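Heads up, the next two complexes both have chain A, just with different partners, chain B and then chain C.
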Partner chain A sequence: MQSKRKQNFSLIMFALPALVVYAVFKLYPAVTGIFYSMTNWNGLSKEYDFIGLKNFREMLSDDYFWQSVIFTIKYVVVLLVIANVMALVLAVTVESVKKGKGFFRTIFCLPNMISMIIGGYMWRFIFYKVLYYMADNWGWKFLDQSWVGDTRYAFLSIIIVASWGCVGYLMIIYMAGLQGVPTHLLEAAELDGANGWKKFWNVTFPLIQPALTVCLFWTLNSSFQVFDVIYSLTGGGPGRATQSVAVNIYEEAFRGNIRYGYATAKSTVLFLIILIITAIQLKTTQSKEEEL
Partner chain B sequence: MRGSRKHYQIFITLLLIIIGLFTSFPLILAFINSFKSNGELLSNVLSLPSKLYFDNYIRSLEKMSYFRSLGNTVFLAVLAVFFMALFSSLAGWKMCRTKTRLSKFLFAMFVFSMLIPFSSIMIPLYKVVLALGIKNSLIGLALIYAGLGESMAIFIYYGFVKGIPVEMEEAAAIDGCNSIQTFFLVVFPMLKATTATVCITNMLWVWNDFLLPLIIISDNKKYTLLLSTNTLFGQYSSDWTAILSALILAALPAILLYVIFQKNIMKGIADGAVKG
Partner chain C sequence: MKKKLVSMMLLLAMTLTACGNGGENTSADSKAGEVEETASVEEVSSETAPAKEVELNIMMSFPQYMDQWEDYCDQFEAKMLAEENVKVTINLEMPSADQYDSILQARLTGDDTPDLFTIQANNIQTYANAGYLTDLTNEESIAKVYDNVKETVTVDGKVMGVPIESTAWSVLYNKQMFEDAGITPPETLDELKAVCVALQEKGYTPFMLAFQEQWVPQLMTAVTLGGKTTGDIPDWLERMYKDEASYEEVREIFDVINLIMENGTKRAMEEGSEVGAADFANGAAAMFVQGTWSANTIMTTNPDMQLGVFALPVNNNPECTRINLATSTVLGVYANGLEKEVAIKFANYVLDDNDSSALFQACGFNPISSIHAFETASWVQDAYKYVEEGRSYQDLVLPSSVTDEQGRLLQELYVGSVDIDGIIERLDGAFKEANELSK
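Coming up: the complex of A and B.
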């Protein structure tokens, strides 16, 4: 048996490439970010000063920022529910179909393979041209809305496009979960007289908890940082009505203002929000799994 | 009973076909309209093109420097995935096999940092990039992807290595292999399936990621497909035939890869999720 020191040395040597890129591109930015959030660093001058919590105090009265926080929370909650319910229903339906399972799976997952930048621009064509065409020529007057220009409809459009992009991905995970449910349990439940819905709710659903946890975790994490779909579809507009936190931070740092210090302070707050929500989510799913 | 089952099958098949049409609707519409002239597109967006109008494509190929952007994207994605798989398999394996406190600490550090959202480090990261002089460097960008994505990859490798018996490695050591030989000759071949999962899921991520290249790459000779599509969209925002043909061109490689590697991609998503 080698000595501990020798083992640790060899560990460091093997982990070195991973450690270096990790330290330089993730750990160091994360740690220095906390420092920059307390400076007035901007893109114009080379020098910057430590200004304590001034950025955070300014943030308190920054209506655009809080508007983007509220928008993001609304987006996360609505997408989380809609996308996961749709994905689970689709997964169950596709699993129960006898012919063409693979075909449907392929089609439903297709949007996930395309970047939401491309997907968002394609949907823009639909919102700008196709729906009006249908409203004019087919008499479908309810489609005659300003889908991207009106605040209410812009939110709806974003949810439609975002769900379009991620439901297939979630469906694959749910399907993997469903395939892990042993058939003899379902048969036993059937013998006991359970009908389709009861079978699903009492046997299948508890057994796919891990898949549910993964999907909720993934949706939460990715939707809190939503950027691509908003950038390509509405650009944060009309005005700033559909700006997510990530878009707000991007604009603050790389467009117009170039206030890096202040933008970093905002991103620190975003990190804290995500951390708290993830902690709550892990806690609740853990206690749920213990119950089972 | 049997009759109702059959009706049910027909019903859900029809339902799924309708949902499938809705899902592919944007792609189909973009595709058929990309072959129309501007006038024809404006008069009817739902009809098939009366004759195939390839000018849109010729224009887009040139305007977005398609083949250069595609080459940049392939180079970036392959390099990023190569770094990520190599670095994290080395680290994940050694961490799993070393039972010291340092090893536990490193593993916990990697896993915990999965929670750090990209948007909260992007500005300090931008500063690091400027300081290292790797702005506009595709190799630099690939290394950044490795740094950001390897936490998850290490986690997956670590979990897989835990499940394979250590005896093979001990036997190799007795036969006179050093650690590096043991890793590349004995361990790495056993990790093939895991490596495929890591490569596929991260390849999709890098290929479709937009925000990081948007910040790091400003030289249009280094543009990825998404960046040049985005620029083209900014320049021709109302010229739909130019935009749609560009979008089809930009989506095409991803769709082709998907059709070819479909089974592996599905497995990659499911595996990555179950282990993650």
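Coming up: the complex of A and C.
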């Protein structure tokens, strides 16, 4: 009992620095944010009024906000599938190569080391200059699309850049999961006559459920808050066609009418949406893990 | 294997942080060195009494003129030391223009306000009402400013900032191409149509379109609205602020906007403002609805460019063909600054009789005061010719949310996701909302 308590104490001590940073820079602003969401503060003046739930009522009829919510959900669903499938395929492939595993791992993980805002500007150059150069000079006419002006292609380019940025990170997590799969189980399956796909689907995949949980949680959480890719790539345009909730909040707070209070109310709603969805996701995937 | 991976990542993280720290340290060291250096110089020069030390924080939105302003700050520091025995240390910050507003707002709310900061002239009212700006009406420098420029920085009869960037602008054009096609700048919409036809016959694209950043298409509404309302319905804006008017009354402006879009370069949504200016300089099109502030980029890209300015016609009434006269950037003095006195001295020094001309010329700013006696570029003279003839209008001050909305809607009009009726409805709505909020 005594040693158990001691162990807990040292565990907390290890986590303390991170906890303090989390509390000061995440928890405290989140809690005060709930207060500001009930004011009409404009971010500039020193005075503001407490207006209760008026901001939240206004949000109900704010078409631009709901448009951005729908766009974000579309983005989350598409990215969730594409990024995770690609990351898993990459992880399995890299794991199965005999030589140069470290090389491929580093290569695929590199984009994750770059800030997405910089990555976005790099890709902007590719979409706006390089692709058109290839279309004009090499006759690759299928590249001659309006990469920002046409909403479909704008969405496609956002997905391409976003998955480029996060696949490497997810791949590392999946690889860690794959390395934890005991080889004797795979060998036993092989003896029982299971082929490559069956072996993966029936043995490996169930055993990497924990990695899947982490990856799904991470993609859900981060893609709901997507900002940097869209901001650097399309700026939310044309008009508001590619505006995610985070971009919508940013514009509300820092541009136009400069409404900090209202913008905070929107971010509170975004927070609740993410909280509910990730809670459901964690519950379902964890119960799957326990089944094993 | 796993261990190796983890240790590799840790190592990488450590090197990264180490690099970051290293960078910071060196810059701090060099700064400390500078300070020591200046300190030793000062010891020699002021043996009589120890100099009073003052630190000034200045934030401006001209990263492209960082060198010029740094030199000017040095001059100010030297002048203060020599004339008043005050050792001023200026910390000059220049965030990039598109993030400037959010950074300034964060600093204001975080009680970390710079002693002097630039703001958009359109926002003077907001900042003045919030109590951040010092009244400079009776300062010596303000007395020297031209009256029509002074008006642009006056709120409720008080001058709340030193005007810095003042521009007369409308449409940039390539004089060579116009000469080649045998045409002169148009005075009416019909003439503009003829100009487009003549240019196309010569194989030139009439208009440069660079719509990726919303503020660029927005310029089209800025010039057309200004011309239309000044010439035909002068009380329109006033009534808009009272919810008594509608964009329906100025529907005409979309005739010329449509004409520009139909006769423009391709891939406008993928073209940023800087790239657009460079392409225009390289002859991609003959005209560009863009301010003279982009002349710097244009002339760097193509020093042989013969750049001109004409006023964009809105309809067939030449009274509506006017140039936009605007003060875009203003230097404000923080009302509650610790070193307000010195800050005001700096604000005055910006319009110093001896030194100001060189600064304004180096930055390519237009003259705003009688003390600015320097030869301006030919395109600036083109634009100011309209001003002298009385064919200019004071830049319309719209709520900034409406300005943003115009930019967005013009992007949407270009890609075809909204029509003119939709634009009018949404702009009226945005204006009403802004009125509602400012109550």
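Heads up, the rule we're going with is that the second predicted complex is superposed on the first by the 263 of 292 C-alpha atoms of A that agree within 3 Å, B and C clash if a C-alpha of one lies under 4 Å from a C-alpha of the other, contacts with A are read in each partner's own complex, and residues count from 1 in each chain.
Simple rule for what comes next: contacts are C-beta pairs under 8 Å (C-beta built on N, C-alpha and C of every residue); 3 or more make two chains touch, one makes a residue touch a chain.
Worth saying up front: this structure is predicted, and the values here are computed from it rather than measured.
Enquirer: Per the contact definition in the header, classify A:Ala176: touching chain B only (first), chain C only (second), both, or neither.
Expert: both
Enquirer: If you stack the two complexes on chain A, which partner ends up touching A:Gly52: first (chain B), second (chain C), both, or neither?
Expert: neither
Enquirer: Look at the residues of chain A and decide whether chain B or chain C touches more of them.
Expert: B
Enquirer: Could you say whether A:Thr278 touches chain B, chain C, both of them, or neither, answering first, second, both or neither?
Expert: first
Enquirer: Of the two partner chains, chain B (first) and chain C (second), which one does A:Gly149 touch, if any: first, second, both, or neither?
Expert: Once the two structures are laid over each other on A, A:Gly149 reaches chain C alone.
Enquirer: So, A:Phe254: does it touch chain B (first), chain C (second), both, or neither?
Expert: Touch partners of A:Phe254: chain B and chain C.
Enquirer: After the superposition on A, what does A:Gly237 contact: first (chain B), second (chain C), both or neither?
Expert: In the superposition, A:Gly237 touches chain C alone.
Enquirer: Using the superposition on A, tell me which residues of chain A are in contact with chain B and, in the other complex, with chain C.
Expert: Touching chain B and chain C on chain A: residues 105, 113, 172, 175-176, 254.
Enquirer: Could you list, by residue number, the parts of chain C that touch chain A in their complex?
Expert: Result: residues 1-2, 5, 12, 101-102, 105, 108-109, 126-127, 129-132, 212-214, 267-272, 275, 399-401, 404-405, 408-409, 411-412, 414-415, 417-418, 433-434, 437 of chain C touch chain A.
Enquirer: Tell me, which parts of chain A touch chain B in their complex?
Expert: 4, 7-8, 10-12, 14-15, 17-19, 21-22, 24-30, 32-33, 36, 90, 93-94, 96-100, 104-111, 113-119, 121-123, 125-126, 129-130, 133-134, 164, 168-169, 172-173, 175-176, 210-211, 214-215, 218, 221, 224-225, 227-228, 231-232, 245-246, 249-250, 253-254, 260, 263-264, 267-268, 270-271, 274-275, 278
Enquirer: Which residues, counting only chain B, touch chain A once they are in their complex?
Expert: 9, 12-13, 15-16, 19-20, 23-27, 29-30, 33, 41, 44-46, 83, 86-88, 90-91, 93-95, 98, 100, 102-103, 106, 109-110, 113, 115-128, 132, 143-144, 146-148, 150-151, 154, 179, 183, 204, 207-211, 215, 226, 229-230, 233, 240, 243-244, 247, 250-251, 254-255, 257-258, 262, 265-266, 269-270, 273-274, 276
Enquirer: With touch defined as at the start, can you tell me which chain A residues reach chain C in the complex?
Expert: 43-46, 105, 113, 127-128, 132, 146-151, 172, 175-176, 179-180, 235, 237-241, 251, 254-259
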